[in-house]
Amino acid sequence: MRLKTTLRAATAMAVCAAGTSAFADSHVTTVTIATVNNGDMIRMQGLTDDFTAKHPDIALEWVTLEENVLRQRVTQDIATSGGQFDVMTIGMYETPIWAEQGWLEPLDDLGEEYDADDILPAMRAGLSHEGTLYAAPFYGESSMVMYRTDLFEEAGLEMPKQPTWEQIGEFARTLTDKEAEQYGICLRGKAGWGENMAFITTVANSFGARWFDEDWNAQLDSPEWLEAVTFYNDLMADAGPPGAATNGFNENLALFQQGKCGMWIDATVAASFVTNPEDSEVADSVGFALAPNTGKGKNANWLWAWALAVPSGSDATDAAKEFIAWATSKDYLELVAEKEGWANVPPGSRTSLYENPAYQAVPFAEMTLESIQTADPENPTVDEVPYVGIQYVAIPEWQGIGTAAGQEFSNMLAGQQTPEQALARAQELVNEEMEAAGYR
Amino acid sequence: MATKASASAARLMMAPAVTLLLGWMLVPLVMTLYFSFADYRPLRGAFEPWIGFENYERFVTSSSFWDAVTTTLTMVGGILVITVCFGILLALLLDKPIYGQGVVRILVIAPFFVMPTVSALVWKNMMMDPVNGILSHVWRFFGAAPHDWLVQTPTLSIILIVSWQWLPFATLILLTAIQSLDGEQLEAAEMDGAPPLKRFWFIILPHLSRAITIVILIQTIFLLSIFAEIFVTTQGSFGTRTLTYLVYQRVLESQNVGLGSAGGIIAVILANIVAIFLMRIVGKNLDA
Amino acid sequence: MARAVSSRARLGWSAVAWVIGLLIFFPILWTILTSFKTESEAIASPPSLVFFDWTLENYEVVQERSNYARFLWNSIVIAGGSTLLGVLIAVPAAWAMAFQPTRRTKDILLWMLSTKMLPAVGVLYPIYLICIRLGVLDSKIALVVILMLINLPIIVWMLYTYFREIPGEILEAARMDGASLRSEILYVLTPMAIPGIASTVLLNFILAWNEAFWTLNLTAVSAAPLTAFIASYSSPEGLFFAKLSAASTMAIAPILILGWFSQKQLVRGLTFGAVK
C-alpha cells in the first residue's frame, strides 16, 4: 500500500515538474537575463514595468547572481553553447574575447533612436571588436579618490585635485587612529582578478610597471613592480583597516559608509552610494579627487563597463536586442532620474548625460567624466605593452593568471609573505601559465 | 537457504541501482578521461583531442599541487578530529538526564539543516568579520584586539565552520550508539568502583568504535569535496586551496578544461586511495 | 533500575547542556534576529540582542526582488522528487543485499559509496554537455535524477543496515505461509522497515535540499531552487547584513522547521548500522 502511495506521489511530482517547465505562452517571447546583483541592476529590475508596458509581447525573466557566480555561470554557458540566457551581463574584459570567438551577436542595429554615437568613446572602444559594438554599456566607471572632507578639515589637510601617491600615503597615515577604529585608507585586498588585481594593476601602471613586455615575458620581477607593491603593502599595514586582505569593493563600501575610512580609492560608481543619505552615514562630507600618480604620466585609474550582450544562438535575439536598446537608452536614464533623482542614474555610459545641466549639478559628475576620459586601455602604462586593458590583460588566460597572482598579493597583505616573495611567486605562476598557453 | 530463484531475483532487484550508479560513474568519468588527454580551452576555441600526458604532468608539477593535497588532508583531518571528539563529549552529555532534553537536542542538531552556502556566509559576515562580527565584539568586550579569523587563521576558520555543520551528524550517530550501551555493564563497573575515566576508556569507547568508524567514513566522503565554504569565505587564498578547489580554478576560472579534467582524475585517484584505506577498516568493522 | 541521580547533578548537567546547546545554535539565532533589524542596526556597535526596533522591511525587500515561492517550490520538488525516486530504486537493492547476501555484497556496497568520491567540479563540463545534448538544462527532472544518483549510495546503505536488523525468521515464516516475493516485501518487510525508511527519507531530503553545486550550475530560471536564491543576496553593494539574514532565514526556515518536527524520527534512524 505504502509503496503505491509513494509511487503515485512521485509520479505526481514528476508530472508537476514537467508541466511547469514546459509551460509557455506561444505569443509571448521570454527573454532570460543573467545579471549581477549590484544596486543599479536591481533598480533596473524594479523599473521593467516601463519596458513590458511598451512591449507586451516580451516577458522578462531575471537570473540575479553574485558577481563571481554570475561570471562562472555565463562563461560556462557560452563556452558550451548552453543557451540558457538571452541577455548576459558581461564586462569590458569578456566582450572582445567572446566576440572574437563569434559567441556574441553584433549590436550595430539597435535603431536610429538609440544613437550609438552618443556612447562615450572610451566605453564604445572597449566594448567593440574590430569596430563593431558587441555589448551595450549599462554603466561605465573609472576609479578615483573618495575622501572625507570633515576629517580632512579637522586634521588641517587639503586634498589637491590631482594627488600623488606620496601625498595619499601621508594623508592616510595622519588620519589613522586605530584605537578609534578610524583608518586612513581603505583599499581592495580580496583576491581576484576583478578585485585586488584590478586595483594593484592600476597602482603598478602609475609606478611605470607593466605585466608583459612586447614578447609576452612576465615583468613582475621588475623594480617598478616591487616599488608599487611595497608601497601598497606598507600603506595598508600602516593605515588600512583590519582584515584588509579579504576586503573587496563591497566590504570597503560598507566600511566607508560607516565612516571608518578616511579615503577610499575605488570605482567611480561608488560615489552615488557613499553620497546617498539613506545608506551612508557620511553622505554630506565626501569629496572627490583624481586617482593618484607618481609623476610618470599615468594615473592609477581604470576603465570598466558592465554591459549587456546577446549570446549568438539565443532563441529570442530580436526581443533581447529590444530589451538592451531600452535598458541602455537615453530614455532609461531619464526614467531613473524621474523616479530616483539624477544622482542615481547609471553613470559613465553616454556623452549626453554629462552635457545635461541637471546631471552636471551632481557633485561627482565632473570628476567621473574626467577620470573616464583619462583612461586609455590601448596604452595602460608608461612603456609599450602587447596587450589591451588597464586593470586587466585582455587575453583568455587572464582570469586564471589574475586570480592566482591576486592570491599571492592577498597572502602578502595578510602578512604571510613579503612583497619580494609574492612577486617572485606571481612571476613564476604567470610564466607557467603563459608557456602552457603557447605565448612563449 | 537462498534458492537459485531467489538469488536471481535478488540480482534483478539490485540491477536498477547498480546499473544507474555504474552509468553515473562511468559516463562522466570516461568523458573526463577523454578531456584530460586533450588540449581543451573553450575561450581560445582550442580543441586538440590528444596531447598525451601533458595535462597530468602540468597539474602535478605545478607549484600549487602539493600544497593543495596537504591543505585537503589538514582540513579533512582537522574536521574529523573536532567532530569526533566533540561529538563523543556532546553525545555523553545529551545522554545524561537533563531538563528540556528535547529542546537541547534540537538546538544541537540545528546546524545540520543549514545549507553550506548560508552557513559560510553567516560565519564570514556575521561571526568572523574583524569589524562587525560577533566574535570581534566579544574580543573587544574582553579588551583584546579583534582577531582577523579568515586572514590570520584561514584554515582553522574553515575547519571550524565545517565542523560546526557536521558536529550534529557525528553527535547523532554517536548518541544512538551510546544509548544502545548495556546499562548493567556500566553499573557493574560503577559498583566495582571504576572511576569515570576508566569506565569511559574501557567500556564506552570500545562500544563506540564502530560508530566512530562510520562517522569517519561518511564524513570523509562529504568532506573531500567541500567547496561552498571555501568559495564563499577565502576563495582559496591564504593557503586554503584544497584539491577540489584547485580543480575548480583550473576548469572554471582559467577555463582550461583539459588541465582541470586531469586534476579531476587525479583527485578521484587520491580520494579512492583514502577510501580503500578507510573501507578496509570499516569493512572489517562491518562484520565484527 | 534507573540510575539514581541527585537533582543537583541533574541541574548541573542541564546547565552545561543548555549553555553548549545555545552556543551551537547561536549563529542561527543571530541570523534570525538580524533579519528583523534595519541595516544600520545590524552593524551597530555594540550590537543589541533583542532591544531594537523590530522591522519586517528586509523581508519585504527580499520578497519584492525575488519570487521566493518559486524558489521554494523548486527546492521542494527537487529534494522531494530525488529522495522518493532514490528510495524507490534503493529499497529492492537494499532488500536483496540484506536478505540474499553473497560474497560480493559488501564490495558492491562499498563500491557504491566510492562513486561519491568523484569531485563535482571535475565532471561539470561532461555533465553540462550531456544536459545540453538531452535538452534538460534548467529542468527539474535533470536535477531530480542527478541528486538521486548522488545520494543513492547513502540511501542504499542506510536501508541495508535497517533491513539487516529485521530478523530473518519472520521472512521464513512468511514464506512457509506461501507468500510471494512481492507480498513478502510489501506486507511483511516494508511495515517493519517504515521507521528506517522514514529516517532515510528525512536525511536525504536534507542532503538534497542543501546541495549547492549542481543546483546552482544546472539551473537558470525555471528550476532554480533556494540555493540560487541565496546566490543573489550574497555580497551585493553596500550594507547587506540584514537583507542577507532575511534571505538566509527564508532559505533555511522550511528545512529547519521540518527537521524540528521530525527530529525524533531522525535521531532514531541515523544509525548507519553503527548500533549492534
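Every chain is named by a letter (A, B and C) in the order it is written, and numbering of its residues begins at 1.
By definition in this document, a residue touches a chain if its C-beta (ideal position, glycine included) is under 8 Å from a C-beta of that chain, and two chains touch if they have at least 3 such contacts.
Bear in mind that the values here come from a model prediction, so they are computed numbers and not experimental data.
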Topology of the chain contact graph, where touching chains are joined (line, ring, star, complete, other): complete
Pair of chains whose C-beta contact count is the highest in the structure: B-C
Most remote chain, CA-based centroid, reference being chain B: A
Inter-chain centre distance, chain B versus chain C - centres from mean C-alpha coordinates, in Å: 16
Centre-to-centre distance between chain B and chain A (centres being mean Cα positions), rounded to whole Å: 35
Multi-partner residues of chain B (at least 2 other chains): 252
Contacts with two or more other chains, residues of chain C listed in rising order: 43, 124-125, 129, 231, 234
Residue numbers of chain A (touch at least two other chains): 72, 76, 80
Residues on chain A engaged by chain C in the complex (per definition of touch): 1-3, 6-7, 9-10, 13-14, 16-18, 20-21, 32, 34, 37-39, 42, 45-46, 61-67, 69, 72-73, 76, 80-85, 248-250, 253-254, 257-258, 273, 279, 281
Chain A-facing residues of chain C, complex: 39-40, 43, 64-66, 77, 80-81, 84-85, 87-88, 91, 124-125, 128-129, 132, 137-141, 144, 186, 190-191, 194, 216-217, 220-224, 228, 231-240
Complex contact set, residues of chain B against chain A: 41-45, 58, 62-64, 129-131, 146, 148, 150-152, 231, 234-239, 241, 249-250, 252-256, 259
Touching residues (chain side chain B, partner chain C) in the complex: 1-2, 6-7, 9-11, 13-14, 16-18, 20-21, 24-25, 27-29, 31-32, 35, 90, 93-94, 96-119, 121-123, 125-127, 132, 134, 137, 141, 164, 167, 169, 172-173, 175-177, 180, 183, 187, 210-211, 214-215, 217-218, 221-222, 224-225, 227-228, 232, 243-244, 247-248, 251-252, 257, 260-261, 263-265, 267-268, 271-272, 275, 279, 282-283, 286
Residue ranges of chain C touching chain B (in the complex, touch as defined): 1, 3, 5, 10-11, 13-14, 16-18, 20-22, 24-28, 30-31, 34, 43, 45-47, 89-90, 92-93, 95-97, 99-100, 102, 106, 108, 110, 112-127, 129-130, 149, 152-154, 156, 172, 181, 206, 209-210, 212-213, 226-227, 230-231, 234, 241, 244-245, 248, 251-252, 255-256, 258-260, 263, 266-268, 270-276
